[in-house]
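Below: the structure, in structure tokens.
Going by the order they are written in, the chains are A, B, C and D; count residues from 1 in each one.
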Amino acid sequence: MTVLRSLFRQPSALFGLAVVLVVVVLALAAPLVAPFNPDEQMFDGLTLEGAPMPPGGQFLLGTDTLGRDLLSRMLYGARTSLIIGLVANGIAVAIGLFIGIVAGYLRGFMGNVLMRFTDLMMAFPALLLAIVLAALMKPSLWIVAMVIALVNWVQVARIVYTETRGLVERDFIMAERSLGAGHGRILLLHILPHLIPTAIVWGTLGIATTVLLEATLSFLGIGVQPPQPSWGNIIFESQSYFQAAPWLVFFPGMVILLTALAFNLVGDALRDILDPTQRGRG
Amino acid sequence: MTETKPTGAPVLSVERLSVDARTPEGLKRVLDDISFDLYPGETLCIAGESGSGKSVTSLSIMGLLPKASLKVTSGKIRLGERELTTLSNSQMRHIRGGEIAMIFQEPMTSLNPVMNIGAQLVEAIREHQGSANPEATALEMLEAVQISDPARRLKQFPHELSGGMRQRVMIAMALSCRPKVLIADEPTTALDVTVQAQILELMRKLKAEFGTSIIMITHDMGVVAEMADRVVIMQQGRIVEQGPSVEVFGHPRELYTRQLLAAVPRLGALAGTDGPPRVSKSAIAPAQRGTAPVLHVTDLSVTYGGASGLIFKRKAPPATVDGISFDIMPGETMGLVGESGSGKSTTGKAVLGLIPFSGSVQIEGRDIAGLSQHDMRPFRRSAQMIFQDPYASLDPRMSVGKAVAEPLVIHGIGNASERQDRVAELLRRVGLTPDAATRYPHEFSGGQRQRICIARALALEPKLIVADESVAALDVSVRARVLDLMLELQETMGLAYLFISHDMAVIERMSHKVAVMRGGRIVETGTRRDIFENPREDYTQALMAAVPIPDPTVYRKC
Amino acid sequence: EGKDIVVTYKDDITTLDPQIGYDWVNWSMIKSLFSRLMDYEPGTANLVPSLAESFDVAPDGLTYTFKLHKGVKFSNGREIVASDVKYSIERAVDPKTQGPGAGFFGAIDGFDDLAAGKDGGLKGIETPDDSTVVFKLTRPDATFLHVLAINFASVVPKEAVEAAGGDFGKKPVGSGTFLLKDWTIGQKLVFERNPDYFVKDMPKIDSFTVEVGQEPLVALLRLQKGEVDIAGDGIPPAKFLEIKNSPDGAQMIVDGEQLHTGYVTLNTKVKPFDDLKVRQAVNHAINKERIVRILNGRATPAKEILPPLMPGYDNDYAGYDYSVEKAKALLAEAGHPDGFETVLYATNTDPQPRIAQAIQQDLAAIGVKAEIRALAQGNVIAAGGTEGEAPMIWSGGMAWIADFPDPSNFYGPILGCGGAVQGGWNWSWYCNAELDERAVAADSMSDPAKGAERIAAWKSIFTDAMKDAPWIPVTNERRVVAKSLRMGGENNIYIDPTRVINYDAIFVK
Amino acid sequence: MVILLCKRLAQAFLILLGVAAITFVLLYALPADPARMIAGRSATAQTVASIRHELGLDQPLLVQFWTYLTGLLQGDLGRSYAQKTEVWTLIAARLPATLTLMAAGIFVEVVLGITFGTIAAVRRGSFVDRLVMTASFVGVSAPQFVAALLLLYVFAVTLGWFPMSGYGSFAHIVLPALTLGILGAGWYARMVRSAMIEVLNQDYVRTARAKGLSSRRIIFRHALPNAILPIIAMIGIDIGQFMGGVVVVEAVYGWPGIGQLAWQAIQQVDIPIIMGVTLTSALAIVAGNLLADLIAPVIDPRIRTS
């Protein structure tokens, strides 16, 4: 409760929270608010020469190259992209945190093995994994989410590993051991909270990159398949039209940016609020 | 008494200076209308309790107050004819380092870890003197502070030097531009007595050589007595008393000053008694102490970094603790004393199984060698540690209440509300109000943090506490209170202490037995009386001789 | 001067080895680097002798005798002799070469042994003297002269192939209109005219540089700035209207028909497409006009399997008209009144996924829910060649562009029983034994006099195949090439039916 | 030091072996049949079988892998299926371009990231700080293709400052490096900012101030070197991204890098090239990490002894 109240006291956090809320609500309410069926290729959605329609008039944000209403596609696309940006990216950060912490805490043989495994994963081409999975499995949103999680945890793990090694050296961890705390308790209650700032940075910057990554992977065939929209694939499908039909790139690009930024504002505020050492500081 | 009265115009004068701090609850005055003068060639000591504004004063003079939270609201600081508070940052730059230099409270962290000593010295010299050959000047300065092998030091990095060497480098750096004023903020707190004595000696010499005036901030009245020409006593942001040191020590006017002086433990004050002085009314009879040792250590050795690689065997480094043995009986305090780096903390950690060791350690008769974290748990209930740095040993993200309840939760003692009561009781016991439970470590002063750590260690009602430098960072008044609390607990609960300190006076006050460590070995051990009244080893004697005596007249006699 | 031109492509040139290269980018370069016994008149599909001075076909159609031009030299200076022709064709067939062209030479006597990896060459090729080559066939093959005009039949010098040690594709030695002067891998290839080419006044430019790895959008920008003369990948959809409607547009765009059909295969071995009525239903369901519009009008709706330019195309054949009612009625008859669920494969490069989506929407209108799977080309090909795997495949991006302008080229591997095997290219898995027989018969009519009869036979084969509806023919795409204003020549040499860009014929104004 | 290096080299070797094995198995699992792709549409089953035999694809997986490994240990990456050329020749031809772009891209990233991260840290909470932090999000959310084309339009087409496409001179590298740098600088800026904020609160920075040094010298000589360690680790991570994922930028600027080779090979199921590129980039990543570990002690002497 106090957390919420502190959150409300910061204008930037409030703004971020509002944007996040609006995006989530619009995504959930897409069928109610979308003016058109997102997949319908409308006859009057293309000019006679087959060019997409610019924003305005019947189509508020214009149409895409198949004559579909961009606004409706973006509303439905929010569902896909939020799942990728939040769930897939969240899982990646979670795995990264887990492996990084455990490797950094355990050191010794197990820690070394975990870290070399991370190195191996880093050296391994993610694209290839995606392609093989695409060929072997029925494509779905959840598979692309899984691949993103599988690929993106590596960097987080590396950074977390470094930080954890620093934390383990700190005296309060030894103090905790002297009280008889088990490994689980130390990891969860005394190391994890200190990694929240890192998690927030990676979690929020990661939203934007994973939403775009989803489009690349879908393009390779493992993600959502056409015509299901996502912010990433709306951009991807029509990025070469950015001169002829700039709205096709601009609007989805802006929502990705805005969403990531909003989560970041909330995240930054939360970090400051959750960190007692930041209390009362500028 | 050959003291000369200060003559001429002051080099530095502070007039009616006030500083406000921005806090969540609004502005708070931390310096209130303080005035003092510093005359050429004089040493002015500022003493006072923790949080009284000593550091803020020195930072104000340097123009280094953190802008975001602290602000000079009124008053003047004059260096010669120049008014400093109104100078721009770039004008102030030329004063800093050039005319006023400063040595900070933390010698360990005040040197840049990634630059070598030479570069850091040269940089300061070049900035203010434009001397033709700054490298040569740097070498001269290192020679002046009597560092061993000065030419080699230029190429070394801070972490390769001991604490004492680092402090010498800091002094060389501060003096390299021949400043008119040197501000030294607790320059020796972190150092052991022998090194402290050398540093103080050095500063005295340099003052004469370079004609520098010194402002020295310290909470150690012994140091004040040894160094000061004049003394300023501060309390809660105000100056309560100032005057020549002989007068202040000899005839303190203010009650606070008298309390400060009374709280100082004096070496040899307890000569002729066997144990620490009694502080409580209800005491356990000595018979209840029991006869079996609570801690039995035989042939304990610790080697850092000894783990060998999978393929390539490394040569094992020399042992940090090398084959030491001792016993502690219930209700007994063993003092462990020795120079910095002699292995005291390492010993303390090893006997609680916190670091790998060889040899045998028995707690209440059972061997703890090679036990896993899980198997150690029963022993944790009977043996606890108070770490050298209380701030570092508290999780900054955990409230104090939770921190104190932590051992209870870990060992599954009581339910939530019972634990809450117990925490309140423990906090009261160590002299904190129960509302402390909801606050976080950084919101407490050093002494309070130390008491929190003590409360946490007591929560499990252990039989043995390893207290590592538990009072070194505290000013005298707080230190006395903490020591009394520990004695009281020993008397009422039959606690045994392994009491680690480099301060001989504190050891004398607390111990039944004393072990003197050097280079990882115990060089001398015996009852407190043996050690303090008939020290056999030269090293022990040297340790005792180096303790400053809080009486300005005593020093001047010798 | 001013006769050096710059051509760009997105994809790198994989190889210039005539017995290996088989994509539309290197196809035209290999054509110009090497000569073959037969060739085509620039811009047309008319066969003419090239390295051969003359040739003679025996009445039974089983023996072909060629006389070589005298004094034609490889660029290494050696004169071409009959044994070079024999060596080159054997090289195309030999599995050690690992080339894709072996199958074309199946009619030559001795093919089976060599294809199985046995030594001894092709006993069906004889070289009685240095300027005579005789081919003995095991069966009449009406397309044999075309076969001798495709790249795989290009003549290469044995010593150069062996000297290159496997890298002949990077160090080609031929006797064509151009020589490869320089190849910076991943960047550019420089071709220079062959001063000793045996035909006078060929080629018309001094040299051309092929720059690879160029994004089509950027290539077009460079073309507008005059840095590039031919944007080989044509005009991306995103830019097409802008260029077309610009003042210079008409002169920059070369837009013409090619031997191409874009189609959807209907897997006759997968339910419910094993039912003819269902296949016919979906044939009625596709609104091809709208797809043409999505392609900015750069295509025409297709009615049948053959493209309009191909001999044998039936102008009178009406095909399946776009009619949702008919489609629904047929579906109901087939027992699927509410439609069914299926999967539509497509490659993942623009505009293929978009066309697949248009098809998907049309299918949805008759109740068929097609899930789209947009994959890399290799994966789609693999799915198509796996029995029972891909119900529908949109062929765009991999579509059948004829190797040579003969209707038979549109049948064998992609509609005949021989292609309906694991790993084959008959993705409909359509196998009509009767049609196969008629195809063999038609191809045996190798007597030029029977040409018209043969074409008529093929015409009926394809329209009969359409009765079984193994495909939905969707569009006949036109090729679009962008050229700078200084480039001259008829449109048809930029979209040559047998070579794409005819480097021999293009010139600078 | 030498021992550490040997140990790390041995580990790096094992990692490369692991990458090779996993990639090989994955490619083997791909349903596409290389022999079919090579043999073309007109091939008979007979021809396909012969080609499969020529390629050794009719042997068990383990035998194939062993053959590949023994070749690899002799420096032989095999021959491309589609191009028939030595894979190493193809990679070597493109390696300089890839490495140049990687170096230039990382350089721009690091310079931009450090500059703006530092400015933001020094002006923490100010308008400039917010601007920089927002810009870092714009960088990471921008689609590469569009960003690359925009820069091309502005600086090459409209202003004509740089060539539109190609490789060779300094002018050629400016735009691709700038594109990659701008897109990646966001991560660095944020990392530098948080590291600098921490460092600027350290006691030794206060010491430097007390010496009367200029703010520039304090920031560049004292604060930055202490904040730079995580950046080095980050560069190690980045090498991987650059070796694998700059296809788009390469294509837009006609840059002859490995990305395009890999992309085409994937489309053509040209397994030897895919293997070769994978191993080359794995090697670069491992080398990058190793280098980062070796550079760290040069920057931070404390790591040297421990």
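Convention: contacts are C-beta pairs under 8 Å (C-beta built on N, C-alpha and C of every residue); 3 or more make two chains touch, one makes a residue touch a chain.
For each chain, UniProt lists the protein as follows: A = Peptide ABC transporter permease; B = Glutathione import ATP-binding protein GsiA; D = Glutathione ABC transporter permease GsiC.
Just so we're clear, the structure is a prediction, and the values are computed from it rather than from any experiment.
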{"item": "Partner chains that chain A and chain D have in common", "value": "B, C"}
{"item": "Identity of the chain that, by mean CA position, is farthest from chain A", "value": "B"}
{"item": "Chain nearest the overall Cα centroid", "value": "D"}
{"item": "Whole-Å gap between the CA centroids of chain B and chain C", "value": "86"}
{"item": "Length of the line joining the C-alpha centres of chain A and chain C, rounded to whole Å", "value": "44"}
{"item": "Distance from chain D to chain B - Cα centre to Cα centre, in angstrom", "value": "49"}
{"item": "Residues within chain B bordering two or more other chains", "value": "none"}
{"item": "Multi-partner residues of chain C (at least 2 other chains)", "value": "217, 376, 379, 382"}
{"item": "Numbers and ranges of chain A residues touching at least 2 other chains", "value": "131, 135, 240, 243, 282"}
{"item": "Pairwise chain contacts under the document criterion", "value": "A-B, A-C, A-D, B-D, C-D"}
{"item": "Complex contacts: residues of chain A adjacent to chain C", "value": "39-41, 43, 46, 48-51, 65-66, 131, 134-135, 139, 218-221, 225-227, 237-238, 240-241, 243-245"}
{"item": "Residue ranges of chain B touching chain D (in the complex, touch as defined)", "value": "62, 64, 93-98, 101-102, 104, 106, 109-116, 123-124, 127-128, 157, 159-160, 170, 173, 305, 309-312, 314"}
{"item": "Residue ranges of chain D touching chain B (in the complex, touch as defined)", "value": "3, 6-7, 10, 202-204, 206-214, 217, 221-222, 225-226, 299-302, 305-306"}
{"item": "Residue ranges of chain D in contact with chain C within the complex", "value": "30-33, 36-48, 50-51, 53-55, 79-86, 89-90, 93-94, 97, 149, 152-153, 157, 164-167, 250-257, 260-261, 264, 266-269"}
{"item": "Residues on chain A engaged by chain D in the complex (per definition of touch)", "value": "116, 119-120, 122-129, 131-132, 135-136, 154-155, 158-159, 162, 197, 201, 205, 208-209, 211-212, 235-236, 239-240, 242-243, 249, 253, 256-257, 260-261, 264, 282"}
